[in-house]
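In the two complexes below, chain A is the common chain; its partner is chain B in one and chain C in the other.
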Partner chain A sequence: MIELYLFLAFMIIAAFIATEIKDLLAAVISLGAVGFAVAIMFILVQAPDLAIVQIVVEVVTIVIFVAVIFRTTHIDETIGKKLTGPHVFSIVSFSFFALLFLIAVINALQELPAFGNATMKVASEYIRLGLPGTGGANLVADVILDFRALDTLGEATVLFTSVIGVVALIRSVGRKK
Partner chain B sequence: MIIFLSCIILFLIGLYAIVTKRNLIKIVIGFALIEYAINLLFALVGFRRGMLAPIITRVDMAHKFVDPIPQALVLTAIVIALGTTALMLTVALRIYSRYKTFDIAEIRKLKG
Partner chain C sequence: MKGMSLIVRTITTVIIGFIFIYGIYITLHGHLTPGGGFAGGVIVAGALILRILVFGSEPADEKKSEIRTSIFESVGALLFIGIALAGLVIAGTFFLNFLPKGIPFNLLSAGIIPFCNIAIGIKVGAGLFSIFLALAAVKYVVKD
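Let's look at the complex of A and B:
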């Protein structure tokens, strides 16, 4: 599975470029590169449903980013400015807590099963009951639409709430000057 | 193990953007990076070597699938990530139309 490591290295480089580059449009393109690499990795780890959704969502995200940047500015003026006290403090504190977090994560990852050997305790039941219980051949669709349908209802609620928020913020009728 | 740690490093790059960057668009990019990292970590945890995607193509086939539950959870999370990103960008657009800058230090100085 060497290609997974190559894609992850590519994603880390692209993510770093996205955070450090001065042109915001280029940063958004780098973010898109990370997103499409995630979609390809979903295909490599046998998750075709996720890859389809990731590609659609990625395209929509990039379109929204570019629309916002076209209406505003595409130069990040904060890159290359002299570092101020709060900024230095934020970098130092981030490094400290990132180090602590990494130590905690390395300890926690010892408990996970090794890569490629997932334990299937709950999933084996879903796989056994999937086709006879729900009649759906795609087990991921069975889980989100039948076994965990309330979860999907909550997802739809969050999505529509955010749409209401976007519409309320973006419309200019009735806005005081 | 190393592949999980690489996901965590991607997560930390996103967190770095959120905590230390002063441009609002860069902060939103940091949130998007965190979402990718966590979604990818979940999909990788559910992976089993040499197994198939969880779609039943023949009734009598032996059940050799990757774990479908992380995939179902991540499917929900991807769509929610789109909603939150769109909302954050709209707020950033409104802030820009009022203060004419994305720099959070300048916005704090202006205080309208």
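Let's look at the complex of A and C:
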């Protein structure tokens, strides 16, 4: 379990760097470090399906980010300016509410069952019925494409809608010219 | 889009076929090994994006292949919902696993799950690639 917390600390540091660094290419690389740390954590808790998806999605996202940065600009000019009164006030108030939220979260987490002991019985039913019920050796595929295929249809619809949105928005820009 | 240097081109020539085949393998073996339609589709899209980034392409070609990938994406989505409707027509339940289960750990087993994986793989791969092509086409519009 300790390695999970180490990766969590690494991710928090990398996320801070990604938001605060001036060079946008370095920020994208830090973002990639966060994504790959998530992938390693998935492998550590024995979820290779999610790890594969996380790695390939992270790679494609970074490629698109880097392609955009090479075509626009490297430097984020909003970072590194002197803090003014409103900024200081917003940082202080945000930290205060983040602290309150964290105290509440710690109290809530005490009530959760221990790691790996789910309260719901549905997961053990999936494990029991997975191979005899569907014939698929990969339990994740059994769940997402047989037991809960309707959810997968919804997810595919979300992707379809986003692709239609991107293509339609960018094409309308192209038509005006 | 402009291409990259000779070293990158040579390495990509060697590697890109393997990436493509790996994506297809992940999609086809989704019901046996980790992975599945989504991961395999993203890997295939990554291979296609790598080709565009490394070897470059003409704006006219990009527009043509954007239309083609949009058709592929729609075909994938229709295939997926067609499998679901086939369950409704043949056995009376939406998304029912109506095909024979087969022997576990064989490539042709688990009923409709491999076919759903193929449909999702086509859909995700074509969808991500068409997003990339749409974003790549913007540059020329802004430049003109």
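Observations on the structure shown:
Basically, the second predicted complex is superposed on the first by the 159 of 177 C-alpha atoms of A that agree within 3 Å, B and C clash if a C-alpha of one lies under 4 Å from a C-alpha of the other, contacts with A are read in each partner's own complex, and residues count from 1 in each chain.
What we mean here is this: a contact is a pair of C-beta atoms (placed from the backbone, for glycine too) under 8 Å apart; a residue touches a chain by one contact, two chains touch by 3 or more.
Just so you know, these numbers come straight off a predicted model, no measurement behind them.
By the document's definition of touching, of the two partners only chain B reaches A:Thr84; chain C does not.
Within the superposed three-chain model, A:Pro48 lies in touch with chain B and with chain C [touch as defined at top]. Once chain A of one complex is fitted onto chain A of the other, the partner contacts of A:Ile144 extend to both chain B and chain C. Contacts of A:Tyr5 after superposition: chain B is touched, whereas chain C is not reached.
In the superposition on chain A, contact is made by A:Thr134 with chain C only, not with chain B. Legend: residue contacts after superposition of the two complexes on their common chain; A:Leu153 is shown touching chain C, with no touch to chain B. By the touch criterion defined above, A:Val57 reaches both chain B and chain C. In the overlay built on the shared chain, the residue A:Arg71 is in contact with chain B and with chain C. When the two complexes are superposed, the chain touching more residues of chain A, out of chain B and chain C, is B.
Overlaid on A, the two complexes show chain B and chain C touching the same residues of chain A, namely 48-49, 53, 57, 60, 64, 68, 71, 131, 137-138, 140, 142, 144, 152, 159, 162-163, 166, 170. Residues 26, 30-36, 38-39, 42-43, 45-46, 49-50, 53, 66, 70, 73, 77, 80-81, 84, 94-95, 97, 101-105, 109-113, 116-117, 120, 123-124, 127-128, 130-132, 134-139, 141, 144 of chain C are the ones that touch chain A when the two sit in their complex. If you check the complex, the residues on chain A that touch chain B are 1, 4-5, 8-9, 11-12, 15-16, 18-19, 24, 27-28, 31, 34-35, 38, 41-42, 45-50, 53-54, 57, 60-61, 64-65, 68-69, 71-73, 76-79, 84, 86-87, 90-91, 93-94, 98, 101-102, 105-106, 109, 112-118, 120, 122-124, 126-128, 130-131, 137-140, 142-144, 148, 151-152, 155, 158-159, 161-163, 165-166, 169-170. The touching residues of chain A, when paired with chain C in their complex, are 48-49, 51-53, 56-57, 59-60, 63-64, 67-68, 71, 131, 134-138, 140-142, 144-146, 149-150, 152-153, 156, 159-160, 162-163, 166-167, 170-171, 173-174, 177. Within the complex formed with chain A, the residues of chain B that make contact are 1-10, 12-17, 19-23, 25-26, 28-30, 32-33, 36, 39-40, 43-49, 51-57, 59, 63, 65-69, 71-76, 78-87, 89-94, 96, 101-103, 105.
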